[in-house]
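Shared between the two complexes below is chain A, which has chain B as its partner in the first and chain C in the second.
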Partner chain A sequence: MEILIYGAVTSAIYAMLAVGFTLIFGVARVLNLAHGSFYALGAYGTYVLTSIVGLPLWLAALLAIAGVSVFGVVVEKALIRPLRYSQLGVLMITLAVSLVVEQALFLIFGSEYRNVPAFIDTKVSIGGVDVAGQRLLTLVVAVVAIGALYLFIQRTRLGSAILAISQDAEAAKYMGIPSDRIFSLVMAISAALAALAGVLAGPFLSVQPSMHLLPIVKAFAIVIVGGLGSIPGSILAALMLGYAETLVAYLISTSWTEIVSVLATLLTLVFRPAGIFGKRAAF
Partner chain B sequence: MNEPPLWGDNIAGQGDSMAIHSWRVPRWSVRLLASLFILLGLSVSATVDAQETKPIRIGVPTSVQLQVGRDTLTAIKMAVDEVNKKGGVLGRKLEFVSADETENPETGISAIRKLVADEKVDVLIGGYTSGVTLAQLPHIAAAKTIYLGVGAASPSITNKVKTDYDNYKYIFRVGPINAAHQARGLVDFISNFVIGELGYKKIAIVGENAKWVQDLLPVLSKGAKEVGADIRMTELFDTQTSDFSPLLAKIKASGAQYLIVTVSHGSSDTFAKQWHDAQVPVPYGGIDVKSMDGDFYNRIGGKSISEVAANFAVRAPLTKKTIPFFDAFKKLSPNYPVYTAYFAYDAVFLYADAVKRAGSFDTDKIIKELEKTKHEGIAGEISFDENHDLMTGKGKTNLIFAQWQDKGERVVIYPKELRTGNFILPPWMK
Partner chain C sequence: MNGFQQIDKLSGVAGAAALVVLAVAPLVFPGNYLIGVLTVAAIYGIWAVSWDFMSGLTGRENFGHSLFIGVGAYVAGVVNVQMELGPWWSLPASMLLAVAFALLLGFPTLRLKGPYFALAMLSAAVIMQRLMLIFWEYTGGEEGIQDIAPLIRNNLHYYWFVLVVLAATTFILSWMARSRWGLILRAIRGDEATCLAAGIPITTYKIVSLVISAAFAGLGGALYAHYQLQVSPQLFAVVTSVTIITMVYVGGMGTIYGPVGGALLLTLLTEGLRNFGEWRLMIYSLLLIFILFFLPNGFIAPLWKRVRSGWGDRA
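And then the complex of A and B:
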């Protein structure tokens, strides 16, 4: 029972991170190494707006997510777009962004852990398992956010445009779809999802300058296992990884969890380079 | 020029191995070397004159991004100012320069190199992470510079002094008491307080997977069993761990009545928050270095309530210097000092006194005087064993256990003679 619940929460956070990461790759073919920075900025943004500015938490969270979303669009327009022709160029520039963000947080806030307040401070018991309310909230919000994203892509005109570009960017362009504007939109969604994960997980995971590493490593592992560019693949892989880590922590030792994602990546690359749902090998 | 015979002497003096290779030194290089020697000689005689007045430089390698590092620097500044106000040491003023050693051995080595090679410091005072200090040791030894450690607890550091005195005699640990002594302090706490007073025999032990814990854990487990504890589980976690919920669930399931932790580099903040939010029905305490920070309670929103964190000194009359130091420090910093601060403060005086007693700046003479140290420090009397390690025991430095209570107040609950209040349970266990 413990494994069921804790695994679901971990999976939900991973899914929020991986879906945004895979979305921007699937649509714009951008491998965004700064994805973890969006997560970090979401958490730090909430910290600054609540602890220093003194705003109420819900407002601070919304502002932080909106701010990060705008930041994502700026990064896409100013830095990634000029280098879009080169995969390597995009990798380098997004890596640079993530390092700049990390160092900036380090200089401004120091390397200590910061406290992001929780939305819910009470404990909930489900079937004899004590779970912090914030974790359950994270699970619920993640499911809602990813569900909404799915509906948006499947049911709206803009969503169809996103799908069209991800299937064949060239053809979509000839159909009159403004691909640059769609890229910005996708970047905004992707950044907002990562920031949302940061805001929700910040209160119970650690908030410090190098916190962007964990999401980027996990997101990478998940999209490789699930298939780069495949959203259902990411969700399935997020569930697998979340539960695998919880199982290992439970049955073996907490010090072994970090190796799970690395091992999963390695096995997938060796045995099924395209991932579970991938149509072709990404590398 | 008289140099060539000198060269000849040297080569002959180096024995047969040199002769086998039949060394032939080109004439131009002899001249070059000779002129270099003369130049060096001139500059040495110049510095001898200047040494009378030039300040003594203290190098401070520490993690300046962390509370332990910032407090080290504040305390060293306090000590340096006090010594200088009284006229310095043998007519020379003190000054200090710091280098960030982070928690990473590579950066730690660069910090030592910067201090000894570029800054040319006379003595090093600092340290925090045992793994970093261990990596620095060969470089400190090679630089033949006295190192007064104030942060790292691994016994392996001072064991080097015992196994290779000639190379490592420069290393002293002014604080904290080493991990093995800390383990014994924890065992005393378990035996006399957790079992003796609270009556909790079922105990869980968790700690981070780091050098000092690996040194501490065997002593702790063995000792706890000997005093009658029923150890329900022992587990180490990675210092990068950010989700402790499976671990906390296991602790709850183990049926333990009290949880002993040993954490320094791991995320104590996250651990306390998750423990609180899941309302784990097991009170906890132990060695939790980040929980020694004065602002720990407030920065995690009060979620460390009822946690017991060991410290080496608190604002109590441990020696006649303790309270004045804590109060003076509080004027310069928003919080009371963490342990590195009072050991760093003591270290400056230790060094100054040793130089005065030696009556010279000769490193070997200073080391001999440091070995004889009997100094009344902030946390207790400071004296060294044959490994240059801080001694513990009555009147010396010991572990003091303080509990976080309402509004972030720290209440000493053990040892009994220093007690300032009663033990409380977490709010959800009342």
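And then the complex of A and C:
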């Protein structure tokens, strides 16, 4: 039972990170190495707004997510767009952005761990297992957020524009879809999802300047396993990885969980490079 | 062809002159401080050249070069401190293990087009850093491995040794880069499909060049371990890779000699910026963004090309 619940929570966090990561890749062909920074900024933003400014938590969380989303769009417009012709350039610039963010956090807050307040402090008992309310909330919010995103993409006009670009950017352009505006929108969604993950997971995971690295590694592993650019693939892979890590943590030791993602990545690349739901072997 | 040879001689003379200046500098300005800075600069030079050989030539950016460096350094530590072998054993051992890692990571990722290689290397380096902390019984955790024996006790002599290794590395790699082999690597950067159509086994070429790159990076890692006399998980950090990539970008990607200049310039610059302390990495990252936007061909290699063609006209 513990495995069931904790695995679900871990998977939920991974899914929020991976869906945003794969979305911006699928649509704009941008591999955003600064994705983890959005997650870190979400957590730090909430910390600043509650502990220093003194806003109520829900407002702080909303502002932090909105702020990160704006930051994502600014990065996309000012830094990524001019270099989009070169994939290496995009990788370099996003990596540089993530380091600038990490260093800025380090210079302002120092390297010690910070406490982000939880929305729910009480513990809930499910089937004889005590689970922190915050973890359950994370699970619920993640399911709602990803569900909403799915509906948005499948049911709205803007959503179909996003889908169209991800299928064939050039054809979509000829159909009169303003691709640059869509990229910005997708970047905003992707950044907001990562920030949401940071806000929700902040209270029970470590919040410090280099926290952006592991999420990017996990998101990458999930996206490879699920198929680069495929949203259902990354949700499924997030579930697999989340449960695999929880199982390993219970059966062997928490130390070994890090190896799971690397192993999954390597095995996928060797045996099925396209991932579970990937359409092309290489692009 | 004749002109090409002559310009080449000019480069050789300039390289030799630079080497002499670097070797003599600590004699003119004595002091352990300068020797230390220059030793580190030379080691960064080895790392930068080895990065450039793989990534600069084939255009496959390796975001986890710190992996090979860290592996090399840790092998030096383990061989020297835990297995109690003589310090010279660590050089071949570290090269060998770095090569093993290159094969392990290169085989699954370099077959594929797209960004898999860059990302896989990045995550591999991050995970290795975590593993160093997790298996602290063997690696010393956060502290790392202490009390590694020096290769050569005299600081100045060790610096000269590192300088010789740097010169040899640069010479070997730039010779290889100019050979038929290097031509093929550059062709791969230009157009993989055409190379494939011409019957070139591109994956083999890429993997072998990664192996060569890793071997020299591991060697540099071992040299660094024997200079610092300790290793720490910090070596695996992404920052290490980014520092090296910045040096290559400053020097001019794919030129082999440029990155050496970039490494020397940036290490000395970093020493100059020591007062900024914590701001150093920030300045590095901003510098990288600046170069990406305004000097995509780097700084040192274009400068040298201009100087060289100026001399060529007069001769």
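In this section, the second predicted complex is superposed on the first by the 281 of 283 C-alpha atoms of A that agree within 3 Å, B and C clash if a C-alpha of one lies under 4 Å from a C-alpha of the other, contacts with A are read in each partner's own complex, and residues count from 1 in each chain.
Here is the rule we use: a residue touches a chain if its C-beta (ideal position, glycine included) is under 8 Å from a C-beta of that chain, and two chains touch if they have at least 3 such contacts.
Values in this document were obtained by computation on a predicted structure and should not be read as measured data.
Trainee: Under the stated touch criterion, which partner chain does A:250 make contact with: chain B (first), chain C (second), both, or neither?
Mentor: first
Trainee: Does the superposition put A:96 against chain B (first), chain C (second), both, or neither?
Mentor: After superposing on A, A:96 lies in contact with chain C but is clear of chain B.
Trainee: Once chain A of both complexes is superposed, is A:10 in touch with chain B (first), chain C (second), both, or neither?
Mentor: Only chain B; A:10 stays clear of chain C.
Trainee: Is A:106 contacted by the first partner chain B, the second partner chain C, both or neither?
Mentor: Both partners.
Trainee: Answer with first, second, both or neither: which of chain B and chain C does A:217 touch in the superposed model?
Mentor: In the superposed model, A:217 contacts chain C only, not chain B.
Trainee: Is A:2 contacted by the first partner chain B, the second partner chain C, both or neither?
Mentor: Only chain B is touched by A:2; chain C is not.
Trainee: Looking at A:118, would you say it contacts chain B, chain C, both, or neither? Reply first, second, both or neither.
Mentor: So A:118 only meets chain B here.
Trainee: What is the contact status of A:204 with respect to chain B (first) and chain C (second): first, second, both, or neither?
Mentor: Touch partner of A:204: chain B, not chain C.
Trainee: Thinking of the overlay built on chain A, is A:130 touched by chain B (first), by chain C (second), by both, or by neither?
Mentor: first
Trainee: Return the residues of chain A at which the contacts from chain B and from chain C coincide.
Mentor: In chain A, positions 106, 214, 255, 258 sit in both the chain B and chain C interfaces.
Trainee: For the complex, give me every residue of chain C touching chain A.
Mentor: Going through chain C, the ones touching chain A are 59, 61, 63, 107-109, 111-116, 118-120, 122-124, 126-127, 130-131, 134-135, 238-239, 242, 245, 249, 278-279, 281-282, 284-286, 288-289, 292-293, 296.
Trainee: Touching residues of chain A toward chain B in the complex: what are they?
Mentor: 2-3, 6, 9-10, 106, 110-115, 117-118, 121, 123, 129-135, 203-206, 208, 214, 246, 249-250, 253-255, 257-258
Trainee: Which of the residues in chain A end up touching chain C in this complex?
Mentor: For chain A paired with chain C, touching residues are 31, 33, 79, 82-83, 87-89, 91-93, 95-97, 99-100, 103-104, 106-107, 213-214, 216-217, 220-221, 224, 228, 255, 258-259, 261-262, 265-266, 269-270, 273, 281-283.
Trainee: Along chain B, where are the residues that touch chain A in the complex?
Mentor: Those in contact with chain A are residues 63, 65-67, 209, 235-238, 240-247, 249-250, 252, 267, 269-270, 273-274, 277-280, 290, 299-301, 428.
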